[in-house]
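To start, the structure itself, in C-alpha cells.
Just so it is clear, A, B and C label the chains in written order, and each chain counts residues from 1 on its own.
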Amino acid sequence: MLSAALQSDLSAVVQGVNMMWVLTVTFLIFFMHAGFAMLEAGQVRSKNVANQLTKNLLTWSVGVIVFFLVGAAISTIVGGATGGGSYSVVGAFADLYTPEAGSPGVWVNWLFGAVFAMTAATIVSGAVAGRAKLRAYVGYTILLAAVIYPVVTGFTWGGGFLDALGFYDFAGGVIVHAMGGIAGLTAAWIIGPRVNRFNDDGSVNVIPGHSMTFAVLGTLILAFGWYGFNVGTSASPLALSESGEVVLGSFSTVGRVALVTTLGMAAGAIGAAAVATYKTGKVDTLYVANGLLAGLVGVTSVTDVIVWPGAIAIGLLAGAQLPIVFEFVEKRLKIDDVCAVFPVHGSAGVLGALAYPFAATAFWNGSASFLSLAIPQVVGVTVIAVWTFAATALVFGAFRAVGQARVSHAHELEGLDSSEHGVDTYPEFGGPDDSGARVDGGVIRSDGGVADVRPSAHRDATVSDDETEDEL
Amino acid sequence: MLSAALQSDLSAVVQGVNMMWVLTVTFLIFFMHAGFAMLEAGQVRSKNVANQLTKNLLTWSVGVIVFFLVGAAISTIVGGATGGGSYSVVGAFADLYTPEAGSPGVWVNWLFGAVFAMTAATIVSGAVAGRAKLRAYVGYTILLAAVIYPVVTGFTWGGGFLDALGFYDFAGGVIVHAMGGIAGLTAAWIIGPRVNRFNDDGSVNVIPGHSMTFAVLGTLILAFGWYGFNVGTSASPLALSESGEVVLGSFSTVGRVALVTTLGMAAGAIGAAAVATYKTGKVDTLYVANGLLAGLVGVTSVTDVIVWPGAIAIGLLAGAQLPIVFEFVEKRLKIDDVCAVFPVHGSAGVLGALAYPFAATAFWNGSASFLSLAIPQVVGVTVIAVWTFAATALVFGAFRAVGQARVSHAHELEGLDSSEHGVDTYPEFGGPDDSGARVDGGVIRSDGGVADVRPSAHRDATVSDDETEDEL
Amino acid sequence: MLSAALQSDLSAVVQGVNMMWVLTVTFLIFFMHAGFAMLEAGQVRSKNVANQLTKNLLTWSVGVIVFFLVGAAISTIVGGATGGGSYSVVGAFADLYTPEAGSPGVWVNWLFGAVFAMTAATIVSGAVAGRAKLRAYVGYTILLAAVIYPVVTGFTWGGGFLDALGFYDFAGGVIVHAMGGIAGLTAAWIIGPRVNRFNDDGSVNVIPGHSMTFAVLGTLILAFGWYGFNVGTSASPLALSESGEVVLGSFSTVGRVALVTTLGMAAGAIGAAAVATYKTGKVDTLYVANGLLAGLVGVTSVTDVIVWPGAIAIGLLAGAQLPIVFEFVEKRLKIDDVCAVFPVHGSAGVLGALAYPFAATAFWNGSASFLSLAIPQVVGVTVIAVWTFAATALVFGAFRAVGQARVSHAHELEGLDSSEHGVDTYPEFGGPDDSGARVDGGVIRSDGGVADVRPSAHRDATVSDDETEDEL
C-alpha cells in the first residue's frame, strides 16, 4: 500500500509521460498533411497543383475548427446515445469548452482525436482533384468534420453500438482510412470524371501527375507520420493498476504494433510492385509508393492483435489488390479517382478489417473463435461504408443539383490554379497546359498531344485497348 | 516524507523525462530550417534558389557555432546585468564550456535555446532574397547570433529588465518572430529592392516565386515544427514541488498550448483567405499558406495564457492583416520584402503581444486588470523593435557604406545562383532567366517578358494600376 | 530498500519511458529514407529520378523484411560466436519470432536496429545511380540486409571480437556510414561509370543533378533524422541501478551527444564551404549541404566521448576532405560515385573513428592513453572496410559476370525511369533528355549539348582540363 503522497507522485508521472507521448505522436500525425499535400500535388497536372495544395491547407484549417466547435461534441453524443451509456452532454461541454480553465488532458486528447478526423477529411481531396469546385469541397469538409466522421467515431471509438457489438478497429483502418476512401470514391463518382478522362467508345485516357518526386516524398512523409498514427494509438506508455501501481499501459503491446506496421508497409510495397511487374514487365514507381501506403492501411485496424506472419500476408494482399482495384474502378466503374484513394485507403482498409479473424492472435492461440471475430467486422465495415456512401452522395449530390459541384468546362481546361486561385504554380517552367485537348485513348501531354503509352508500365496497365495518336 | 533514496528515484525520473521532451521538441524546432528553406526557395526566382538554400544552410551552420561560443554567454550576462541579479559569469562559463565534463542538462538547454535563436536568424534571409551579398548576410547572421538576438533574450527570458517589468512572451512571438520580421524589413529597406521591382512612376512589378509546391511544403513543415516551438515551450512535463513531490510542470497548461496553437494557425489561414478573396475574388494559395503561419506567429507569445475564443480571434486578425500589411509595405513603404517576412513574422507577432490583455485568461477570470497586462507588452514590443531596427540598420548600413551589401546589377540579373555559388539549380528545366529585364508594372516572366497579371488574384492584389505589356 | 511493489512501479516507469524514447528516435531515423530519397533524386538527371526513388522505396521494403527474417538472427549469431559468449540461438529465435506473444521490448529493439541497418543499405543506391540494374541493386540489398551488414554489427555492437578488442563506434559512423560508403564506392567501381562520364583522354565530364532544391531538402531531412540517429543512440533516458534505484541511463551523457552532433554538422558545412570557396572562389551549395552531412558522419562514431572543441575540429576536417576526396575518386580513381557517398559517408566516417583518440574525453582527462584508444579503432576500421569491400565486390562482380549488373547502353541513354519503370517523372517539363550524347569534357545539358562550365564553382572544381565545346 503506497502512501497518498507517493500515489500522487506516481499519478503525476503517468499523466506527464502519457501526455508527452500523445503530443509527440499527434505532431507526427499532423505532419501527414504535408505528406498528403505532396502525394496529391505530385499526382495532378501542373495546372491544378495550387488547387490541390489549397484544399489541403483549408481541409486542416477549416476542418479542425469545425471539429472543435461541433464535431467532437457530436461524436460524444452519438457514442453515448447509441451505446446506451449515461453520457452527460453538459459534462463534455464543460470540459472541452470552458475557456478559462481546463485540465490539460481534455484538450490534448481532443487534439489527438482531431488529427485522426482531419486525416479522413483530407483523403477525399485526392479523389476529386482537377475539377471539384473549391466551395463544394470545403462545404463537404465542414460537414465531414461536423457530422459525417463524428457519427462514425460515435458508433465505434466513442462507445456506440458497433463498439458494443465487438467491432475492432485499432487505429482507424476503417474508421479513418476506409471511411475517407469510400467518401472519395463516392464524391468522384457524383461529380464525374475530368474532361477527356474517358472516351465515348469506352476507352480510357491516362493523365499522368506532374511530379513523381513530390509524390514519393509525400509517400515517405506519410509513412513517417503513420508510425505516429499506428504506434501512437498505443496511447498510454504507463497506466495505474486498480491498486494504484504503475504498469505498462497499451505499451504492453507496442512492440507488436511497431513490428506489424513495419512489416505491413514493406509487404504492401512488394505486393503492388509484384502485381504491377507481372502485368507490364516493369516496376512502376507510383504503384510501389501507393502499395506501401495500402500495406499501411491494411494493417492499421488490427495492428496490435495480429501475428506477424499475418501482417506480411495482409500487407502483400493490400498491395497486390491496388493495381487490380484501381483498374476496376477506372475501366469498369468509370470513376476518375485521381489519386487512387479508394484502392489505397478504401479497399485496403476493408481488406484488413475482414482479414483480421484469419490473423488474430486470439484465433491462433485459441482464445477466440473465427466467427466471433469475423461477424462484428463484417457488420462494422458494412455500417460505416453505407453511412459514408449515403452521406457523401447526399452532400455532393446537393452541390451538383445546384450546379456548384464542379468548375466550368473552360475553367477545367484552363486549370483550377488559375480559375479558382489566380496563381501559376510554376511560372518559370512549362508552357500553357491544355491537357484537356481532344484525344482518344492515350496519355495526355502538357502540349495537348497524346504520348505513346507503351514505354510506361503504369500507363500500359491503365490505358484502353484502342490507344491512338491521331488528331494530334 | 519520502526517503532520500526514493527522492533520488523521483528526481531522476523528472530529469530524464523532461530532457527527453526538450530534446524531442528541439529536433522539431530544428526541422523548421527545412521549412524555411522550402518556403523561401519556393518564393524566389529559379535563378536565386540555390542562393536561398545556401543562406539557410549557413544560417544554421555559422550561427549555431557563434551562438555557442559567444551568444549564449552574452544573453546570460545581459540578463543578469539588466535584471539586477547576482549572475556569475564565471559560473555559466564553467557549466557551458568545460569540455571534459558537463551535466547533460546544461547542453540540452543550450541547444533548446539555440534552435530558437536560429529561427530568428533565418527569418531575415527571406526578406533580402535575390540581391543581398552572401558575405553581408553571413556577416549579419554572425552579429545576430553573437549579440543582437542575445541582447533581446537577455532583456526578457534571461531575467533582464523587461522580464522584471512583466513583459510576457511565452514562446517567442515577439522575441523570436517579430524580432526576425523587423530585422528582415529593416535589412530589405537598407539594401533596396530587387532590380525592376518598383518603377519610376511609382508602380509596382510582381516577381512571382518559382514553385508554389515548395512554398506550401515549407509551410507545412514549419507548422509541424511549430508544435515543437509552442507546445515544447511547455518544457517541463514533470517537476518537483518544494516538498519534493512529483507534480506536472508546465504541462499543467500544455493542453491549452496545444489547443491555442491549433486554433491560431487554422484561423490565420482562414483570415488571410477571407481578406484575399474579398479583395480579388479568388483564394490565393500563398496567402492561405502564409496566413496559417501568421496565425501561428500571432498566438506564439501568449499560447498558454489566453482563452480559446481569443486564439481564434487573434488567428483571424493575424491572417487578415497579412494581405493588408504586405500591400502597405510594398506599395507605400516601397520595401521589397520578398517572402513577406514582416507581415508574417513582424506585424503578426506584435499584434499577438498587444492583443494579449484582451484575451488573457487572467483578465477574463478577473485576476488581473487590463492595464497591468497591457503596459508591459507595449513597453516590451517597443524596446525590442527599436533595438532590432537600430542594430540591423547599423550593420547593413555599414555593409552598404563599403559597397558590400548587395551584388552588382549584372550579377543580380544573371541570378545569385550563378554569381555567388556557381551552380544552376535546375540545369534541365527552363531557359536562361533574365527576369530583371526592363518592364513596367507587370509580372516578370522567365523569358523576360511581362505577363498579364489579371488572371492572378495574388498578383492582382499587389500590382500597380498601370500594368502594361509594352516593351516586350 | 524499496518495497517490491514500489520496485515494480519504478521498473514500469523506466521501461515505459525508455520505449517511448526509442520509438520516437526510431521514427526519426526511419524518416531519413525521405532524406536520402530527396538528396539522391536531386543529384541525378531527371530521366533517372523515378529509378532512384524506387530504389529507395524498395531498399526499405525488401530490406526490412529480410532483416527481420534473417539479418537480425545472423547478427546475434555472429556476435555470440566471435565474442566467445554463451549465446543461445534458440533463445533469440523464440523472443523475436514467436508470433502470438512477445514482450514489447524485443520488437521495439529490433526495429531500432532495423532502421540503422536500412540506413547502411540505402547509402549504396546513391553511388550506383543512373546505370545499375534494378534487380542487381535489389539483389545486393537483400544480401546486405541478410548477411553483409549483420556480420559487421555482429563483430561490434553484437558483442563480437571487435567489441571485445575495444573498438568504439557510438552510433554507427563506421558500422553504418563508412560501411555504406565503402560498399557504394566498391559497387560503383565494379559496375563502371555512366556513359560519357569519363573520356578516353582521361578528362572528366560533369553530369549535374536535376534539382538542387530536392537535394538540400534531403540534406535537412537527414540532419533532422540524424538527431534521432545520434542522440537517440543514447537510448536509455532512465535506468535501474544494481540496487534497484532509478538513475539516468545513457542520458547522463546526452547533453554531450546533442552538442557534439550540432557542432559537428555545423563545422562540416563550414569546412566544405571553405575548401570549395578556396578552390573556386564561390560557395558551392551542394558542397555546403554534403559537407554538413559529412560533419555529421564524422562525429557519429564518437559523439558521446569527445570534447566539444574536438567536435568542431572533426566536423571541419570531415567537411574539408569532401571536395578533395570527391575529386580524388573522380579524377584519380575514375570511379563514378554519383552522389558522393564515399566522401560523405565513407572517408568522413573513417576520419571520425581515427580522430577519436585525439579528441576523446578519456584522453584529455588522463584516464586513457592515446594508443589504447587508437589501436582498436585502426583494427576495427580495417576489418570492416575489408569485409565490406570484399563482400560487395563479390556480389556485384557476380552480377557483372552474368551481365546483370547494369542496364544496356540504349537503356542508359533513354534513362532508367523509362527502361526500368516505364514512367516519366516530369511529363510536363523538359524535353527528351539525351544527356548521354557524345561530348568531351564539359557539362552535359538536357538538350544533349555541352555547357560552358566556367561559371560553376562545383563544376569547375570537378571538370577536366580540356573542356571543350566542339561536337555540339
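What we mean here is this: contacts are C-beta pairs under 8 Å (C-beta built on N, C-alpha and C of every residue); 3 or more make two chains touch, one makes a residue touch a chain.
Being a predicted model, the structure only gives us computed values, none of them experimental.
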Can you tell me, using the touch rule above, whether these chains form a line, ring, star, complete graph or other shape? complete
Can we say the copies chain B and chain C touch using the same residue numbers, with more than half in common, or are the two sides different? different
Distance in whole angstrom between the CA centres of chain B and chain C is 32
Per-residue overlap in chain A, given as positions that touch at least 2 other chains: 6, 10, 13, 17, 20, 24, 211, 217, 426, 429
As the complex stands, chain C meets chain A at residues 5-6, 8-10, 12-13, 15-17, 19-20, 23-24, 26-27, 30-31, 33-34, 37-38, 41, 49-51, 53-54, 56-58, 60-62, 64-65, 68, 97, 99-100, 102-108, 110-111, 114, 134, 211, 214, 217, 417-418, 420-429
Chain B residues touching chain A in their complex are 2, 6, 10, 13, 17, 20-21, 24, 28, 45-46, 208-213, 216-217, 219-221, 223-224, 227-228, 231, 237-238, 245-249, 251-256, 258-259, 262-263, 265-270, 273, 280, 282-286, 288-289, 292, 307-310, 312, 361, 364-365, 426, 429-430, 433, 435, 443, 445-446, 451, 455-460
